[in-house]
């Protein structure tokens, strides 16, 4: 007869799961609420989603300072998780804000849109909180599948179709590699719990190394590292802009969260085996991203290559693998998230129905016609370039400093040269905005409060995080170190009086 | 699993798998794939993973692949020559795959005997009860996530594939 | 000396910039921008007045934690080297704003004022920063407004020039960042904590190889900014295409950031390498001096001529600096100020004539002496100052530098002197073609002479030229202790150089210097 | 008894056939099928390893992979249908409004 | 060893013969049954030269039809339409046949037969995950129909194939869930175990058949099963008035015979499953392995062989009864419209099946059944 399942055997804990439950339940509520709502007035659903996100943020806060592994190791409740929960949720909130007009205007199906954004958010959060490889896989899939759909949601737009198709095929392809990697790691260790990997040391079995390599490929696809980046530009260009923003920010956050947790926390024992591969990947990614970005005329496409390049900078820190590097990545992601959100929000502000206005030429003269919008765009681009005192600069700074600290001087020099190269293409839109005339007509931004809010949040965050990085730096450090389940390493001391 | 049946099934699966990528007509490819999946399912059963083996046939072969069949019909796909794709890509792909196969085989066939292999299996290994026990305790979160995943799949399929009704999309395509 | 004077000095322009953006009308924007630029000017005068000339160290120091995580602090202060550069900056910004409001900038005035004031913050901030991180931040911050100034209000191939400017500078500065970081982490092993503070970093023991690489990192950044000879190519473009105010600030203050960087950071941090590399730098400086002068000689474009003259003049500064003796270094600091005043004035004058004729081709002019005599007169004074006529400011600096160079390597001084002669040559040659002779173009007959506003702009500069030419002492008094303290670090090398038996010429020169003091 | 490494080898071969299919075929549906083949090859590896380790983890994963495959199939085929409605082709080479 | 194999072979052959014969008989059954229902004579000419009737013997139409139909079909021209996929066209009928036949392997048709000291389980293959196996084979059954329809290169055939596939897939869900609730009730996937669990009585008289525990599942399985067999009222895939003959429009001769055989074999299969799940399989009321224990307390001892034979007969009778029920349904109910069919499957049966599973689970957990 049936074996009674003892519920007590489940290590049940509300802390990490509650925000997830809120988001998924919220998604279903949105879906249901959307049944009778026409696509043209889906704004209400957006506000509903914002409420859901707010509740989820509130429910993630109690996890601060926790240090628990729950659900038989499936989920981890620590500061690392909280950090990513909150950043991902904030990113989702900004995405929703910038979508309010856009979705209704473009005639995208509102209920599905917002529900899928929330589902994808849930998947991202899962990846951040994952304590075993299978949760990472499932989180990744929940996220990816939602985003595949989102990318194709503009069904009559052939470019959107194409983006969805390419993203889907290559995403599924990469999933195969990731999965094979998981299989081999499982084969080498007999378990899929991440903490079991921590005990591995250099000289581990070839099977493990092969598995780690395949995991790298899988993650490489998701974070758009060269040579696994081919999907990025097309998909970024074709997808509806708000979805592109979500891909550039949310997906990347989640992918790096899992990437970090697996490689920098649990696979540190075999770091010497994978860091050289990452070294090469980082260099390739930065350089290719920047070089190709130089030739782009479409802003979305340019931002796609820029996203690739930025993944390269993060990979620099991954290569280093130190605790400082981990913290730097977290900080970098924070700044990167807001900066990109802002940039894409501005692209949305540029667009009018049926006229995407996303080439650099469309920006011409924006500086005189919409000075606020142009100023915001300039700030975002400068932040991406790494001009102080914006978030992008401090992020790059912390990554470079971590890498230098660990002795990767040449890697940093290459990164720096890339950074200079990137200035060229980031400045081109700025030139267009301020020195040329005759670009596209833009809908007065003043009439779209939600969009203004989204842009304002991004700008303010980018500036604040850059000018006074201390609290965010401290948060990143404590978040990253908490992933080790050890007290923070004393890497720095405060200034002597 | 004894060697002879294994070799037989392995050969079958490889032949069918090759059929998937070599057949000209999508339907033939699909049939090859279904057969591959069935053979793999049988291999599962040979590995004492009975439940999973049957699930493989029910879910994969019996349900998912039928969807493919539908789509192929709906699109009324015809035979297509296999060429296409850049020659360079083909070359690199073939080379890469060959390298990967070689690498995997070298690695895999020279593995030390797996740790648990000599241990006698639990009596209920592969049974549905044992699997369920795992799913509802250790993998509870993962299990629940799959429900979300399927919901997303349903929402997505409906959202994407439903016919565009006039007026709901800017293009107003029929 | 406490207080928040320096912070106020640095951030007041930023406040002004914010205020300017709120102005609805352009005239109001000009007015408020000018008024806001006077506040830092006043503060800088206060700082000058309250500056303790005997103190070689930093004054008006403010020191707070900023990013303890990285050991970054908000550490600012002023010493003899930066004191007058602050003053120069505030003066030139005010004058530029005053000038630009008079018709030079015809559109988007609000943004222009905004960028000028942000630029001022960047410049002042970089000058007062003692923390290297802070310095780097301000160093980069000043790029952005300058980029816009060139890109929006420039002429001709302005976009190209702006790009070239920013890419060159960024390349250098990012490599400097790498060097800074390396140094900081190196320092941690001795300090026990991260620190970007200059005094802390000066204590780091480095191997010679490390020091060479790091010095190279810093030096490249500063050399690009100066700009020294092989990496100078951005300058003619940027200067030529920039609007007048932009050129003034660029030449007057921004180029000084490079030499200032050498003095403040590169040399004190790596004194051994500096001493070792001094011959190279002096050689490059001499090449720069002669090259700049020669190229200036053949420029058909007046503004381009002035731009190349900057290459030449800054060669002198570098030459003096790397002589690594009190004469050379004081001369370098003094020459930085001179160049700021004279070249700033020259650019203003070129701008004024451009405004009237919309061309800068020397061939387009001729005989302007007759039509606009006030202009020509002022031009004469400025030109003489730039050429280093005794009695005007240029002479003091150049003489000190040549003296220092001579004390170090006599050959360098010899070559440099030829540069000086060439400098006089191209200036006079240009002046002659522009001002004298018959009026060849009819349009030149009826040109309006300088307006009152323009005279008001030029007057303070002329005053400064005479002041600095006749009374260098008060300035040098304040510069001296800091320079001496700086030279303490390179002392051993200086001692070695001084141990050469002095030649009669040197003795004579030294006595003249002593008299001069 | 067949050692697990044989199964791993078979799985590797099948996986690579799948990869080849993705790289060589231009018909989206066949590419998709090749991906499914890859997933199944991995499943085989999981089951063999699960058997070798004597724990049920591998089987649980296979279960999840099937679910994922189902969801992916639904969405993927939806996308293919949608694209066909607009473009009348499923050839990946012809679907390149944007540079691929 | 050899004898084991032999016994296995014999069991398999018995099952196969039972199914095939029953299917063939059903063909006649249906003709005559429909005639009965429609008040006509039905198939009445298949008498060889009329010998039987002339001699005044009972009508041998039954036997003759059994021979005549296959003979006719197998001697007809095997026609393959132009442009058809010849290989798949030929393969399809067998793809359809194969899963159905192998499903019977796990259906127990009797209790353990003891000969000497050898215990013979009257089930072709004793599989402890039989329920899953059934679902798997039913799932694979789709392909024969689907590919048959597609390979014919005929619009009607393709349409029939699509309809059939969609219908089978849709109803498989409800069917599967019904089986799941049955599995939950008995706590085993083994069909023989299920049959054994249905032995004995409640209240001293009521046989412990599944129908009394899972009536909803029974209705679900019956409905879904009928839909799976694509017969009226669910015969949209082969609705004559719409699609000629649906997916086997372009089949003739032997291949068509196979398709028809599959149809009837499916009927038998559904009946067998219903019998096994809900009507005790080979269980006969009050019959225990040692003989009859009647409600009153009376006891008739029986030898094992007799019990086994009664069991087999009992099973057969039940199966035939359900076959008849299905044929009855065919000739008495009107056909659905296709959207109604889908609606019934997705919005009717599926939710009910899900609810049934939930209720069953609750009852099991809370009631500790």
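We call the chains A, B, C, D and E, going by the order they appear; numbering starts again at 1 in every chain.
FYI, a contact is a pair of C-beta atoms (placed from the backbone, for glycine too) under 8 Å apart; a residue touches a chain by one contact, two chains touch by 3 or more.
Every value quoted in this text rests on a predicted model; they were computed, and no experiment measured them.
Chain grouping by touching, computed with subunit E excluded: one piece, all remaining chains connected. Considering the contact criterion stated above, the chains in touch with subunit B and with subunit D alike are A. With centres taken as mean C-alpha coordinates, the chain found closest to the middle of all protein C-alpha atoms is A.
Summarising the inter-chain layout, the chain whose CA centre lies farthest from the centre of subunit A is E.
By number of C-beta pairs in contact, A-D leads over the other of B-E and A-D.
Using the mean of the Cα atoms as each chain's centre, the chain most removed from subunit C is E. The mean-CA centres of subunit C and subunit E are about 97 angstrom from one another, to the nearest whole unit.
Mean C-alpha position of subunit C lies 65 Å from that of subunit D.
In terms of their C-alpha centroids, the spacing between subunit D and subunit E amounts to 35 Å. Work out the mean CA point of subunit A and of subunit C, and you get 44 Å between them. In subunit A, the residues that reach two or more other chains under the touch definition are 2, 134, 138, 141, 145, 148-149, 152, 155-156, 164, 187, 190.
Multi-chain contact residues of subunit E, defined as those touching 2 or more other chains: none present.
Touching subunit B in their complex are the following residues of subunit A: 2-3, 5-6, 9-10, 17, 24, 28, 31, 39, 71-75, 106-107, 109, 112, 115-116, 119, 122-123, 126, 134-135, 138-139, 141-142, 145-146, 148-149, 152-153, 155-157, 164, 187, 190, 205-207, 210, 353-354. Contact residues of subunit B toward subunit A in the complex are 103-104, 107-108, 111-112, 114-116, 129, 132-133, 136-142, 145-146, 148-149, 151-153, 155-156, 158-160, 164, 168-173.
Residue ranges of subunit A in contact with subunit C, taken from their complex: 367-368, 371, 382, 386-389, 393-394, 397-398, 400-401, 404-405, 409, 412-413, 416-417, 419-420, 423-424, 427, 430-431, 434-435, 468-470, 473-474, 477, 492-496. Remark: subunit B residues 1-3, 6, 10, 13-14, 17-18, 20-21, 26, 29-30, 33, 36-37, 40, 43-44, 47-49, 51-52, 55-56, 59-60, 63-64, 67-68, 70-72, 74-75, 77, 80, 82, 84-85, 89-90, 92-94, 96-98, 100-101, 104-105, 108-111, 113-117, 119, 121-122, 125-126, 130-131, 133-135, 138-139, 142-143, 146, 149-150, 152-154, 156-161, 164, 173 touch subunit D in the complex.
On the side of subunit D, the complex with subunit A involves touching residues 8, 11, 15, 18-19, 22, 28, 31-32, 35, 38-39, 41-42, 45-46, 49, 52-53, 55, 57-58, 60-61, 64-65, 68, 71-72, 75-76, 78-80, 82-83, 86-87, 92, 95-100.
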